[in-house]
Each structure stands twice: as C-alpha cells, then as structure tokens.
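Chain nomenclature is as follows: A, B and C, assigned in order of appearance, with residue numbering initiated at 1 for each chain independently.
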Amino acid sequence: MTAGTPSAPLPASPLPPEIVPAAPPPAPLARDVAPAEQAVRRARRWKPAEFLFWTVALVAPLVLPRSMLLMNEIAILALFALSLDLILGYAGIVSLGHAAFLGVGAYAAGLFALNVNADPLAGLLVAMLTASALGFLSSFLVLRGTDLTRLMVTLGVALLVFEAANSWRSLTGGADGLQGIAMDPVLGLFDFDLKGRTAYLYSLAVLFLLFLAARRMMGSPFGLSLRAIRDNRLRASASGVGVNGRLVVVYTLAAAYAGAAGALLAQTTQFVSLDVLEFHRSADLMLVLIIGGTGWLYGGLIGAVLFELFQDAVAAATPQYWQFWVGLLLVVFVSGGREAVHKAGAALRRKIAGLKIAGLFGGRRP
Amino acid sequence: MLTILFDGVAYGMLLFILASGLAVTLGLMNFVNLAHGSFAMAGGYVTVVLMQRYGMGFLATLPVAFLMPALIGAVLERTLYRPLYDKSHLDQVLFSIGLVFMSVAAVDYFMGSQQQLVHVPSWLQGRFDIAGTGIGRYRSFVIGVCIVVAVLLQFVLARTRFGSQLRAAVDDQRVARGLGIEVGLLFTLTFAVGSGLAGLGGALGAEMLGLDPTFPLKFMIYFLIVVTVGGRAGLIGPFIAALLIGIVDVAGKYYVPEAGAFLIYALMIVVLLFRPQGLFAVAR
Amino acid sequence: MSAPVLETLDLVKRFGGLLATNSVSFTLERGARHALIGPNGAGKTTFVNQLTGVLKPSGGAIRLEGRDVTHSRPEARVRLGMSRTFQINQLFRTMTPLEMLLLVLGEREGRGLHLWSRLDARADLVREAAAIAERFRLDDVIGETIATLSYGKQRQLEIAAAFAARPKVLLLDEPAAGVPEAERQDLLNIVSELPAEVSVLLIEHDMDLVFRFATRITVLVNGTVIAEGEPAAIAADPTVRAAYLGGESGDA
C-alpha cells in the first residue's frame, strides 16, 4: 500500500473504528511512525457503507412516497436513540429515564410554537436548550453510585418530570396535552404537508447534522476520554481524565439531542401529550439500542429502522398488544438472542462487505 | 387525622408484603426483578377469577393467590431467571421489564383492561369507631394478616435452618455448595415464596389499590423504593420503609393532592444519593 | 541534593479498627530508584492508593514537588506529575494501545475537553505515541484491541501508559507480577531503561527485581516502616530478616 493514498481497498466495515484492522504495512522501520498516523486517519474516514446508508435514507421518499410518516417516526426515534448511545454506548452511563429529555424537549418546542414563535428551527433550538438545562442539572445525580442506583435515579427523575407535567395543567394541558400546534414553513420555504414529506426531510436533515456533530465529537479527544471512562473509570482518572466533568458534559449533550428529537416529534405531529414522558418510551429506547448495538453511533439508527418496521407490521394487526412483542423481544434478546444476532450480523457483514442493508436484515433473524 | 395515619399504616403493611419478595431477591440474591409486580398482579387476578367464575369466597382464594404465583415464579426461576443471575443489572432490568410488558399485554388480552372489583365479605366491610376515629374493618384485617406474615418471614430468615442456609448461600455460593447446601433449590424456593407473597399482597390489595393490567408498571417504582430506602441487608429496614412510605404517601395525597407522587420519588432520589445502601442499612 | 520530589508526613490510614498506614513519613528523592517492599498485607498498595488519590488518608500530608496534594483529585495529581501502574491490569480493553496512549497524551496536553478537535490534529502527539509504543516494545501490536493482547504485552502497556503522562514520579505497583518467563526479560529491560530523570518508586514482591533495580529500599510491615536504606544494608538488617524475609535469603 502506498503511503498517502487515501482510499485503499479496505473491507468496508460498519464496525466501530477501533475494530478496523490496524496498520497493514509490513516491516515497520525504526522511527517509522507513518503507520500510527495512517491508523488514526483511517479510523475517522467515512466508510462506503456509511455513504450508502445516508443515500438510502435520502432517496427513500422517492421509492416509498406513501410511507413518509413512518419514515419521519424512524428518523425521530433514531435521533432519540443516538442520544442514548452517547451516554450508554460511549460513556457507559445506564439510564431508564431518557424519556424525560424527549418529553421536556417536546413540551418546550410545543409551548414555544404556541406562545412565542412558530418557526421550527427556533423551536428546535429552544427545545435543545431547555432539555440540556435539565440534563445539566440531573447529570450530577448520575455521577456517583452503581449501575443499579443510576437506573433507579434516572427512572425517578423521569417519573418526577412526568408527575410535574401531569400536575401543571395550566402549562402543559395535563392529560389533554398541547393541541393545535401550527408550524411555520421550515426556513420560511417548506410548508409541512399532510403526506409528511417536509416532515421527513426536515427530521432527516436535523438527524444528519446532529449525527455528523456526534461523529466528530465521539472521534475527538473528548470522545476518546468517554470511552476511557466506560472501559475503566479507575484508569481513566489515573490517566488524568477528570471523570465527573466529562460525564456532566456528555449527559448535557445527550439531553440536548433527546430534546431535539422531542422538538421534531412535537413539530411534525403538531401535538404533545403526556405520552412523550411515559416510561415505555425509555424502555423501548433500550430495546432499539439493544437491537442495533451500542457504541458505534449507527446502532441507534439501525435499531430505530428495525423497531419501527417491526412495530408497523405487528401493530397493524393488534395495536393494543404491541407491548407484548416489545417485552418478548427484550426477554429474547437479553436471554441470549443478542449475541446470536450480533454474531450473525457480523458474519453477514463480512460476507457482503459494504452492503449495509444485508447486515440490516441479518440483524432480524433470531 | 388518625384515620389517615391508620390508612397509611395499612397501606404500608400491604406494600411490605408486596415488596418483601423483592427485598429478598434484590437484597439477598442481588437480582433486580422489576417484574415483581407481575406476580402480585397474578395473585390479584387469581382471586378475581376464582370469585367471579367459580363463586369461591374471598378468604378461600387467598391460599391459591399465594400458590399460583409461587408456582409460576418457581418455573420462571428455573427456566429464564437463573441464567441471568451473573449478568449485569442492566440486563436483568431489561429482561424483567420485558416480562412486565408481556404480562401487562397478556392480562389485557385475556381479562380486558377494565378495573377489577373484588367484593370482600360483608363482615369485613364498613368501619368501626374507636374514640371517634373511623377504623376500616378491611384495613384492620389487612394489617393483621401482614403482621402475621412479617413475623413469620423474619422468623424464617433469622431463626431457621432455611434462613441460615440462604444467608450462607448468598454470602458465598461456592462455600455454601461445599457445605452441601443445595444452592439452586434454595434460590428457587426463595424466589417462589417471594413471588407467592407478592401474589398474596396483590389479592389482599386489589380492594385498596385497585387492579387492572397496568398494575405491575404502576407499582414497580413503589416496590423499588421500599427496598432501596429500606436497605438491602434484611427485612426490618424494608418493613420500616414500607410503613413510612405508606404513611407519607397517604398523607401526601390527602393534604397536598396536587403534588401527586412527587414526595415519594423525591425521597427515593435523595436517599439513593446520600445513603445508597438505604436509610436503615447496617454497614456490612 | 535538591528537595524531594515526593514526600509523606505522618501519613495515617485507618479502616475501622485496622491501622493500614501507621504514621508513615517517606521521602522520594529526585531521580530515585526506590523500592517499597513488604509482605502481603503490609499496606503497600494502600499506601500507593493514598499517594495517587484513590484513597483519602485519615491523617498526615502528601507533598508533590513541595505542593500539598493530600486532598487533590487523582487526575489533578497526574497533571502535577505523578502517575502510576496497577498491580492488576487496569486498561481500556476495547481500545488499541495507540488509542490508549493518545488518550494519555491528549489529557496531558489538556485536550480532553476539545469536543471538536480531531484525534490527529496534533501530529506530534501521534508521533510521540508511536515512539512510546516502540520504546515499550508495543509497536507490533499498536493497532490491536487491548483485550486480545498477551498478558506480558498488557503489562508493558500498563507502564507505557503511565510513562506517556510524562511523570516526574512514576509509581510501579508490582510491574512484573504474573508475567510468564518468556515475556519477563522484555519487561525487566523496560523497567531498567526508564529515563534517569524520572523518579521511580517500585512496589514489589520479587526480590530479584528489587535488588537488581533499586538503589534504596523501604520496608513496610503492618503499615509501619521498619527499615530504610541501601540494598546491602537492608539485606543484612536483622529486623528486616526477622520480620519480613523470614528464612529466605535476601538475594534469592
């Protein structure tokens, strides 16, 4: 391989960068540091499968023009899952209450549109700021303790927020929710239509931009320090990592992402109800990440696609009992299905390198 | 005022019975079983079905409401729970949430989503007056049953061979096995009894707490609070915690209804942060 | 000689009724090759954990370069120039050695909160990481996942990562523990090739390594320093022989 030539014929792997096989060049000369530099550069480079993934997402509305509402839901769930991946997959912080940030973002965006300004982007920003404020405050609660205390504290915070929204009727409309949210056109140009085309493209654009930002941040020295904390907290602090500070930052950041997902939900469905704060949102989200795998950013996105498709297929038949299937999936995945699926997925990925869709469908086989 | 106190005590006692199984599985066996409420719900529905479809008396259904969930618990422990003992708490939580969702949907499917009414026998209805305080007959009955169960439990855990074997098995499984203790059987039995007690609590509580398919979700957090606030070292902590929470919750809902369950959740978070081993935990 | 680079004054640590560190006043001179020895349970690791901030002392003080760091956080002490290895490997198992070294270098350069910077934005750091990997004989595995490395390589990475922080004081907690014979020589060479300006405190069981490496030895028994001096004096010290070495000969 010639040094300096960027696009070597690598096996395109959607795996996290660190699993990409390292420096292939033979005979490392003394003081030859090029392999290290190449390895770092290669890890951050875009893989063909990534281009494919986003291309598919962009052209999907042309192929399936009637499924744009579903696609919009997928994009929003994907953003929400991306948010949880930042804290769970990268920093190793477990949470059973992530719906709190989704819900606060949704209410903030809804209230802002109803009372202040109906511009979507302004509402998005307000929602992200509000959610990140709550994230910042509650981040101090997850710094200490074990996974079990964290699970319960996050669950408790989410319940508190739910109770608050439920009791503060004058603001949130209580059980009736916020109705009649009418949004201005995106960028003053694109009106929200009934078929959901604008909605989907708007959500996809927000998802894509925030994904780019997340990809950059998780590949930064900061992102590396998060993985250090997840892998070994003791060693992280013995390596000079200020653990608490990093966790506060990433928790706040993840809250902002979840808040953005909430804003998209409020703006594109033009409705906010207590449902956005329900416990099942947090639990479903866990399932999404389990399906897609944590710690490589695409897990949440792929998980969201599969989860929504599955829900669409099953819930169409028996919408009432959808939760049963979520429960069954959780039980099956935790009781050993996860390893099987990820092994099958990895094998498929190796076989049909570059074709992410193949890996996708491999992920579904139990 | 005294009536509220009394109702709170009854509620707390009930919470203790409902949560005692969780106190043992979480506190002693270190397994996070969020599906504990599903066993309670099972007990409640056993009573409902037996009374409505087979015309059995309320009291007569109670043993069945204990036995059925205990049996289900034993089977599930042997098949699904056991492989997860040494997995992470996150995995245990997700697994048991899965069970909760399944049980909620399944009960909804078979029994419908409406509230179930349990008619307690007429001699347990109404209330009597002691020094101007209204005392519900049924609540007195619940308190009585709960006290008996609590005393029995504490006796079994602290004074019997079973209890000491269990404590040995929890401390160090390998050593316990070496001593000839059948750890697997012990855990199955413990799990079954815990599930049965939840079922009994569910049957007793149907009249006071209400019973519908979302029961496990609604009360999941309460059980967890009892165990975390009470500490995981034994049953006395959870007992006091359950009473405290019962009283605070009833009084809170009476005096400051707009605060909803705020008080309880906030209490849990504060305790978790400052006394992660629980309020009444003894340092081990 | 100039002021000591690291010292403790009457350091005390109690666990309930147990006195794990009993009023230890210890001095590490600049550029020292100092060994801390003692039987199992003597409190060596407890002592190191206080030095590095993992444990809070019950009393006394710790000074690094004359600054009081008794209550500083672990990461602050790293920034002030003290880093350590662990008796039981504490590595970032999903990373590659290159990433782990880049992490330490990044933290050293204060880049840990750079959210928008690329990992290789500072090419000099990548080159330094590669050079450190070579120095610690990790260049052949620099891109492999740490969890898959041999135990010996992992031990080498333990030291390399501590070294990458460019410490003034390096605490090595039983660096050779458990390393199989085949990889042992590499490790011993690495330890003896550490640059002279780094002051090293070696906590060790292995007398072979101690007497080969150290120019000064402190003996800790039951949390108390019972002797300190040059290797020959320690080997001959009857109290040490009685309390610690027992029947074994010192140069075994």
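By our rule, contacts are C-beta pairs under 8 Å (C-beta built on N, C-alpha and C of every residue); 3 or more make two chains touch, one makes a residue touch a chain.
The UniProt protein names, listed by chain, are A, B = Branched-chain amino acid ABC transporter permease; C = ABC transporter ATP-binding protein.
Keep in mind that this is a model prediction, so the values were computed, not measured.
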Which neighbours do chain A and chain B have in common?
-> none
With centres defined as CA means, the chain nearest the overall centre is A
Where the centre means the average of the CA atoms, what chain is farthest from chain B?
-> C
The pair of chains with the most residue-pair contacts is A-C
Taking each chain's mean CA coordinate, chain A and chain B are separated, in whole Å, by 36
Would you mind pulling out the distance in Å between where the CA atoms of chain A average out and where those of chain C do?
-> 40
Between chain B and chain C, the Cα-mean centres are separated in Å by 50
Can you check the complex and tell me which residues of chain B touch chain A?
-> 32, 80, 83-84, 87-91, 93-95, 97-106, 108-109, 217, 221, 224, 228, 258-262, 265-266, 268-269, 272-273, 276
Can you list the residues on chain C that touch chain A in the complex?
-> 52, 54, 73-75, 78-79, 83-84, 86, 90-96, 98-100, 102-104, 106-108, 111-120, 123, 126-127, 129-131, 133-134, 139-140, 142-145, 161-162, 165
Residue set of chain A touching chain C in the complex reads 18-19, 21-23, 28, 30-31, 33, 35-37, 39-41, 43-44, 216-217, 219-225, 227-228, 231-232, 234-243, 245-246, 249, 295
Enumerate the contact residues on chain A facing chain B in the complex.
-> 94, 96, 141, 144-149, 151-153, 155-157, 159-160, 163-164, 166-167, 279-280, 283, 286-287, 290, 320-324, 326-331, 333-336
